[in-house]
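First subunit A sits with subunit B, and in the next complex the same chain sits with subunit C.
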Partner chain A sequence: MSRTELLRKRANELLSQGVVKLVLGYRAGAQDNVAQPFFATTPDQTAELIFDSTCSPNIANYLLKVKNIGRVAVIAKGCDSRSIVVLLQEKQIVRENLYILGVGCEGVVHNGEKSVTCKACQYPNPVIYDEMVDAPVEKTTPGPQVLKADDDFDRLTPDQRWQVLSADVARCIRCYACRQACPNCYCPVCFVDASTPQLLGKTHNISDNMVFHIIRLLHMAGRCVECGACHRACPMGIDLMRFNRRITKIVRERFDTSPGVDINSPPALTRFLPEDSQEFIK
Partner chain B sequence: MKACIVTRNELTQLLDRLISHVDVYAPVREKGTANWAKISSVDEVYLEAVNSREPAKGFIFPRCELLMRFDKNGNPIVPAPIQEQILFGIRPCDARALKVLERFFVQDGKSDPYVQRRVEKTTLIGMACNRTAPTCFCFALGNSPHDTEGLDLLLTEVEGVFLAEAVTEKGEKLLADLSPADETVLRKRAALKSKVESEINERFDVKKLQGKLPQLFKHEVWEVLSLSCVNCGACTFLCPTCHCFDVTDETMRGKSARYRVWDSCQFTLYSRHASGHNPRFDSSSRYRNRMMDKFYYTTEQVGLISCVGCGRCISACPAGIDIRQTVAKLLRIIDGMGK
Partner chain C sequence: MGLFFNHQLPPNWTQESIKVIITIQMADNSDFQPKIVAFLCNWCSYAGADLAGISRIHYPPSIRVIRVPCSGRVDPFFILQALQQGADGVLVSGCHPGDCHYLTGNFVARRRFAVLNDLLAFCGIEPGRVTFAWVSASEGERFAQLVKEVTEKVRQLGPNKKLIKEIPQ
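Then we have the complex of A and B:
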């Protein structure tokens, strides 16, 4: 049986046996574009489920929509499972209400090629699951590595770096697709939507755009699992992963941890260890 | 109106002449696709991507427009007048969309002066589509990839040369000293037109949709349809006809400026009242609003559906939502109601 067939079979069984109320997965999207997150509530609907390289939205994002309906089965690839871990650690969802159907992932497609995040993926298989639908896939990328693009960027002077980032961020239309596509961006009121008082200007001048991206990034430090959902969601093609890779690298170097990998290891910025570097205390 | 044959050389000369004294904008290469930019040479024009990442609406309705400045004493300082602009290579769907926008903003006795002066200063040189993208569906709505609505001049590439058809007097002036087109070219172009139209298979009965949509207001389908929606504003901001805006004042060192910025019905803040009450508090009511607006509300307001079939909301959606599937589903429900 193919992976999709196995997936449909298990999803069907879980629903018919009443183990779960709903199966959260994907169904075919528009043309060869992006698969659509799909909520199967009856056994027949599981026939629509798919899993392939178009399944690029981070499915953990949708767990927040269905967290109050009882036990939910969720089809999770590596990065999705890491986001689930972060959401569990942050107490946004409850483990008992989840049935994680793990799938190994060979990478998802973005603009006709393998997504930039998948090319450097360290966790193609789920880090947490109730059962694997199929055999795990083999990890094809070596350990964390510095991309040539980042290396080149690092060689620039601070002014040049600022110019590169400004030119990219100036194109932001503030549609907030990045924020909405991110499972870890779940604040009931985002700082950009605060209106009494208003915290951020609504015009598209570069400082407002930059403040939005930098603050979002700071909020992501130690939490971003580098799934790339925001990067792929951006309708303007802004290189958001450039920012994300940087914060992940800093967190990894300073705290020797990667978010969402180990449920028992608290997020870097929510814990204190005596050996944390403290050179900022003068 | 006049129809002429324009060779590549003549087109280059025409554009060079225009570039020398007017701001000319065209789709240029940008990050693997095309997007609008001011051009200084014909070579920059890039029409291979079928359509540009962003629509042309920003040229008459910018995403952030300075409405006025005023100082401490309240004296308004009106911004500088805007320049003549030519949009070269605009696709028929986007030109139609500008016409739709014009209907909203420019009306007898209650015109928006900011949009109106931009409309008046804008000349549209369209390029007919001889092929479609997988997300194109203009024909499904009764439009054509060769339509002239909203344009001043339409160019169609016919075997290496361009058939140029004037649509308005502005367009006719551009063709002043060119030789008229003969029957053969017009016949070849008709063949191209039916070929490209045949690439789009769906047909939507939009009249039926607009007639029955009000009855679906309380239907449970919106809950189901909106489940996969993440409520970002990508669809509305990239939509060539979405035109909601917010007005915001910014003050710095005693000087204030009033801006008009795009807003989106997909945002929670959009419909929140000062009291805190939000009539569109959930995802499904916001999703419904977008569909109602495209196919029903605007027909009531200006007599036009405000979807032109450009497909940008499909390719921009981070959740793979396809407006064609939504329309088809709504039509299926409507058909079921009649029985």
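Then we have the complex of A and C:
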């Protein structure tokens, strides 16, 4: 039986046995290359569920929209499960109300090729699940990878780096698709939407754009699981993963932690150690 | 003097040499008085600045102090906003680790600042534009010295041109 068939079978069983109220997964999207999230509430609807390389949105994002209806089954690949761990740590969802159907993932497609995040994926299999559907996939990437592009970027002078990044960020139209695609961005009022007082200018001036991206990253520090949903959601093709990889690297090097892996290790910026490095402080 | 009587321009009054002088003058940052926004914690650094004042210690008049209850109150967004509004530098100062009035405020802030510091370096904001420091209430001398150093560093860097928000005319 194929993985999609196994999924449909288990989802059907869970719904007809009344274990869960809803199964959250994917179905074929209007566009060929991106599946859309699907909320199956009756056993019949589970026939529409799919799982393949087009299932690129982070499903944990949609979990927040159904957190109050009772027990929900969710079909989670590696990065989705890490986002679920972050949401559990931040007490946005309750573990008892979740039934995680884990699936191994061979990478999702973006613009006709394997997404840049998936090429260096360290967690193709879920880190947390109630049952695995089908066998786990083989893990190919041993440890954190440093991309050659990042290495080259580091060698530039500060002025050159600013030029490269500001040229990239200048294209931002401030649609906030990156925020909407991210399961970590669940604030009822985002700092960019705050209007009394208005915190950040609404223009696509380079200064406002840059500050938006820097603050977005700081909010992601110690929480971003590098699923790449924001990167794929960006209509302007801004290389958001360059920023995300960096923030993850900073947190990994400074605090020796990776977000969303261990449920008992809370996000890096919510805790501290007296002996944290402070060589940058006078 | 002979040149004057001959109704000739002295060599440094020619158009070319004046242009060179203008270029040198414009490149020279020694007249540039940077504006530095200082976020000082109420319990330590603000009192340290106060002590520097009471002790009549001279330091450059470049800082604009914003008193905050704790360095933990300093959202990185404040720092970026100061740069957006035209500050040439930002100084953030709080109690030494272990001395926080609220016990752990500066420990939490320290992690946040570490990430901000590395991220600004990555984005190409010059090192020294944003400075973090620990200054206690008894370190008036040190505070004055710190402001001197920070002002000198920002003066070398020149006016903030990167993150400043310029409205097109």
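Rule of thumb we're sticking to: the second predicted complex is superposed on the first by the 275 of 282 C-alpha atoms of A that agree within 3 Å, B and C clash if a C-alpha of one lies under 4 Å from a C-alpha of the other, contacts with A are read in each partner's own complex, and residues count from 1 in each chain.
In the analysis below, a contact is a pair of C-beta atoms (placed from the backbone, for glycine too) under 8 Å apart; a residue touches a chain by one contact, two chains touch by 3 or more.
Just so it is clear, the model here is predicted, and its values are computed rather than measured.
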Which of subunit B and subunit C A:Ala177 touches, first, second, both or neither: first
Contacts of A:Gln160 with subunit B and subunit C, given as first, second, both or neither: second
Touched partner set for A:Lys119, first subunit B, second subunit C, both or neither: neither
Partner chain(s) touched by A:Gly201 [first = subunit B, second = subunit C, both, neither]: both
First (subunit B), second (subunit C), both or neither touched by A:Gly29: first
Touching partner for A:Lys282 - first (subunit B), second (subunit C), both, neither: second
First, second, both or neither for A:Met236, with subunit B first and subunit C second: first
Overlap of the subunit B and subunit C footprints on subunit A, listed as residue numbers: 201, 205
List of subunit C residues in touch with subunit A within their complex: 76-77, 80-81, 84, 97-98, 104, 107-108, 110-127, 131-134, 146, 149, 162-167
For the subunit A and subunit B complex, residues of the former touching the latter: 29-39, 54, 57, 61-62, 65, 111, 173-177, 179-181, 193, 195, 201-205, 229, 232-233, 235-237
Touching residues on subunit A, where the partner in the complex is subunit C: 157-163, 165-166, 191, 199, 201, 205, 207-208, 210-211, 214-215, 217-218, 221-222, 246-247, 250-251, 254-255, 268-269, 272-274, 276-278, 280-282
Sites on subunit B touched by subunit A in the complex: 30-33, 53-54, 63-64, 134-135, 227-228, 230-234, 236-238, 246, 248, 250, 259, 261-262, 264, 267-269, 272, 283, 314-322, 324-325
